[in-house]
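Next come two complexes built around chain A: one with chain B, the other with chain C.
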Partner chain A sequence: MKINRWLIFSLVIAFIILLGPFLVIFFASFEPSSTLRFPPTGFTLSWFKKVIAMPMFQKSFVFSLQLALYSSFLSLLLGVPVAYVTARYDFKGKRLVEFATTLPVIIPGMVAGLALLRFFVLLNVFSVQTTLLIGHTAIVLPYVVRSTLASLVNLPVSVEEAAQSLGASPLKSFFLVVLPNIRVGIISAFIMTFITSFNNVPISLFLTGPGVNTLPIVMMTYMEYYYNPSIAALSTLLIGATLAVVLLVQKIFGISKLL
Partner chain B sequence: MPNKMKKYTLLLPALVFLFIFFLLPILSTIVESVYQPQKGWVVGKYLQFFTQRVSRIAYTRSLTISLLVTIVALAIGYPSAMAIVSVPNDSLKSLLMTLVVFPLMTNPVARTFSWLAVLGREGMINNLLLSLRLIDSPRRFLYTPGAVFFGLLQLFLPLMIISLVSALENLPKEVPLAAKSLGANAFNLFTRIYIPLTVEGIVAGSTLVFTGCITAYVTPAVLGGSRVLMLSTLLYQKTSVTLDWGMATVIAVVMLLTTLVVNYLSRKISTLGVSKG
Partner chain C sequence: MAFLEIMDLSVAYQRNVTVLRNLNLAVERGSFLSLLGPSGCGKTTTLKTLAGFLSPISGRIIVNGRDYTKIPAHKRNMGIVFQNYALFPHLNVFENIAFGLKMRHMSKSEIEEKVKKSIDLVGLSGLEHRLPSQLSGGQQQRVGIARAIVIEPDLLLMDEPLSNLDANLRTEMRNEIRRIQQSLGITTVYVTHDQSEAVALSDQIAVMNFGKIVQLGTPRDVFSNPKTRFVANFMGFQEVAAGYVEGLQDGYAVIKMEGRSLTARTTTKLAIGEKVILCARAKKMQIDTQNGENRFWVKVVSKIFQGDSISIVLKVPSGRTINVEIETSKLENFAQGDEVFLYIPKEHLLAIKEEEK
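Our next item is the complex of A and B:
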């Protein structure tokens, strides 16, 4: 079948809008002078060196990684059992459970951020780190349930029944039979929750406090005061890392698993 | 009975967590926006929201820009999705989808900052126009509604394309072929076959894009700033600069209700389309 050239043309337009700015920022991060410029007037790696060495970015980068890691694990702990029960059983209130676990993607991030801030200020018992962990866990939980559920639906119940009829306890059959079989779902859930937490702005915007900042928030604050290629260099690094992750995911188990 | 108990104990941690740390804060925020224990019913802030110029402009601007982004995303996304679906090579198709998804997964600050190098004073567009002698001094493209529009378009075009690709993939290949062999021209083929059969994808994609635009924060904050205040940036300004928590809460509730209404309407349209089809 011949592909219409108008379709190709619009696809090219789409990719220019989607990826064009990334190419521009890539080249702009090699600009020697201290203005953000395209095309660059020369070539230097000094902005990369500078931005990697800055303590504020180092500190917030490490914190963002930790936060993403902990909230991903916590959301897996909470979400996988929910996915398992909803995939395997019919029970009263099932729809309510499904609704509750998709709620954090329905509620706009800014609304949730403001609501959580008011709530935690009123409660006044948790540290900034803990409130961030709670907020991030809540908003990534839906991805865990959805991704794990999709894997579980494709795994026949008979596999588990076989394991249990051969003497495995329900717990044993879950860890030795079910879990290895849904590992793709679990891994893609983990990647999705990790990226979502690492990139989150609306929740962090409200919940970060003095001395405790995530990388995106530090970047936004820095941008308000300085207009030089250092953020361009940092952006290039983050964009490059993301591209590597997405291409890796596509290579290993297909990008559709993430959606 | 014990089995039933076990089921609920597996569900309990997540449900308790979501109830205490998500649902409760949001419900109390909504309630507090209309009723406060000390003051009783309060609707003054809502009146203020709809009568004050700043908030009214921010709200209508949010709605207009979101609508425009949705329309343009649909106009570019539909043919793009058709192009992707018609790619015969599976690995090329999957690579294209990966590149479509890529901006969604990218750090929002890095992604938005990229536009500063495109639209800034020394950015690509200004330098291009200067070298073509179309302008003789740099223009200001940043902090305009146009800048916010392009930033949002890049951010949400992927969601539109993903929705449309899955809708088009569910459309049986024989249907357009049959219509063509029965003499349908390109226009008829598009309006009477493609659109009605992919209406669910169109509605789903448009809803995601529209509600995404209404609630997005980083893009309007970085590319619009305080010159182009939108609902989300106004909300944050109220909590960080003017410390008007009452108004911030009202803005949050308006934002939430807007997205819920849009979601509800789109579900209506979708089911209508299905029952007619």
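Our next item is the complex of A and C:
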């Protein structure tokens, strides 16, 4: 079949707006002069060295990493059982649970951030770190529930019944039969939650406090004062790291269509 | 006491929806019982309750003298074969079959020996390392059967194991199931809606409707002597006429219908004057141009040539249409729209109480 020229045109436009901005940032990070510029006027790695050596970035990077890891694990710990119960049992308020797990996806991040802030101010018991952890867990939880639910739907209840009839307790049958078969959903949920938490701005914006900052917030603040290629270099590093993680997971688990 | 005893078992899904009502059933050791009935009759509920996936609101389940009613599914030692096979997708054939033995903490050599034996029994040698997704439907069900019998269960429960297979395979697997069950002598409860499966496999058939057993008997008995209108319909009888009992003698009744008297076999006790329906199978009716005993007038609606036989649709005096199958060679000359006589030999004509359906 002959491809219509409009189809080619839309393909090209899609490519440009998808990849173009990242390419600009990528090239700008090697710019020797101290303003963001495209096309670059030369080549240097000095911005990378500078950014890596800056304590504010180091500190917030480690914190963001920890926050993303902990909130992802916490959301798995909460979300997988919620998904399991929703998929396997009928109970009153099931629709409400389903609705609640879609809320953070539908509601604008700023609104969610404000709501969480008011909520924690009212409670007034948690440290900034705990507040951030709970806030991030709340916004990534829906990804876990939905992704796990989608995998559970493909695993008939009779498979669990079979395991139990063969002598596996309900708990054993969950770990020996259910978990291995929803692995793909859980891993993809983990990647989604990790990236979502690590990149989150609106929630963190409201919940960060003195001395506790996530990397995206520190980057935003930095950009307000210094508009030089160091931010581009940092962005390039982040994009590279994210791609590396996704590729690594795909390689290890052999899952091609994870996300 | 029989090997399996179900006593006054009642099961409800929600508080108001009772699916089983005071079910009583006994199955002897090594025997094959089919629960036969239309969807929603409670047969699968009975099986799930036996397996321990549903708990009864009242009643007891006794297996080999032991009360199983409150024992959880994983401690019951029952092998289950599912309609959708329910194999573990992430485990290969060997691991699927070995699962139950591993749960019983058997040694590696013992597991290997038992799995190999059951793989041979169901005819799956050479496929040990395939995943379920790499097997055909028939092969998957063989794995399902092997996995259920390898644990040497007290009871083998089968939930419509053949209904996902195509017609040719179904007959083959049906014979396989009978062979395997007989060679191992496992007490089996088999759920199906297919009367030919139940008849071919079972020692006993329990026909169920609305959460109750409506008739229990040997396949021969249930097949030829249905006691109620529902069982007759379900076992392939057609209602050809209705009338009143005029006389009774030696298992036969004289039935008066629209100015005629017909002689029909009885399967239950009938009383003089009782209203009955008359039932017969398509292949046991004949067509005649002459009037005579046990004949009544019908109109030919259509004729379809089927090779060995001819399928004829007839309109009986009550206005209802019935289907008759006669051998091609016996074909008399008559055409669509003709009025002929339907002859049903008295041993093939059943008189059944009209009351419930």
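Convention: the second predicted complex is superposed on the first by the 242 of 259 C-alpha atoms of A that agree within 3 Å, B and C clash if a C-alpha of one lies under 4 Å from a C-alpha of the other, contacts with A are read in each partner's own complex, and residues count from 1 in each chain.
Please note the rule applied: a residue touches a chain if its C-beta (ideal position, glycine included) is under 8 Å from a C-beta of that chain, and two chains touch if they have at least 3 such contacts.
These figures come from a predicted structure and were not determined experimentally.
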Does the chain A-based superposition show chain B and chain C clashing or fitting?
fit
Tell me which partner A:Y84 touches in the superposition: chain B (first), chain C (second), both or neither.
first
According to the stated criteria, A:L103 is in contact with first (chain B), second (chain C), both, or neither; which is it?
first
Once chain A of both complexes is superposed, is A:P156 in touch with chain B (first), chain C (second), both, or neither?
second
Regarding the shared-chain residue A:K172, is it in contact with chain B (first), chain C (second), both, or neither?
second
Give one of first, second, both or neither to describe whether A:Q164 is in contact with chain B, with chain C, with both, or with none.
second
Applying the touch criterion given at the start, work out whether A:I252 contacts chain B, chain C, both or neither, answering first, second, both or neither.
neither
For A:S10, is the partner it touches chain B (first), chain C (second), both, or none of the two (neither)?
first
Comparing the two partners chain B and chain C, which touches a greater set of residues in chain A:
B
Examine A:N181 and indicate which partner it touches, taking first as chain B and second as chain C; both and neither are also allowed.
second
Once you lay one complex on the other using chain A, what is the shortest C-alpha distance from chain B to chain C, in Å?
9
Set of chain A residues, in rising order, touched by both chain B and chain C:
none
Of chain C, residues touching chain A in the complex
51-53, 72-80, 82-84, 86-90, 99-100, 103-104, 147-148, 151, 157
Going by the contact rule set out above, which residues of chain A touch chain C in the complex?
155-156, 158-159, 161-170, 172-173, 176-177, 180-181
Where on chain B does chain A make contact in their complex?
4, 7, 10-11, 13-15, 17-19, 21-26, 28-29, 32, 76-77, 79-80, 82-84, 86-88, 94-103, 105-111, 113-118, 120, 122-124, 127, 150, 153-154, 157-158, 161-162, 211, 214-215, 217-218, 221-222, 232, 235-236, 239, 245, 248-249, 252-253, 255-256, 259-260, 263
Can you list the chain A residues touching chain B in their complex?
1, 3-4, 6-11, 13-15, 17-22, 24-25, 28, 35-39, 77-79, 81-82, 84-85, 89, 91, 97, 100-101, 103-104, 106-112, 114-119, 134-135, 137-138, 141, 195, 198-199, 201-202, 205-206, 215-216, 219-220, 223, 231-232, 234-236, 238-239, 242-243, 245-247, 249-250, 254-256, 258-259
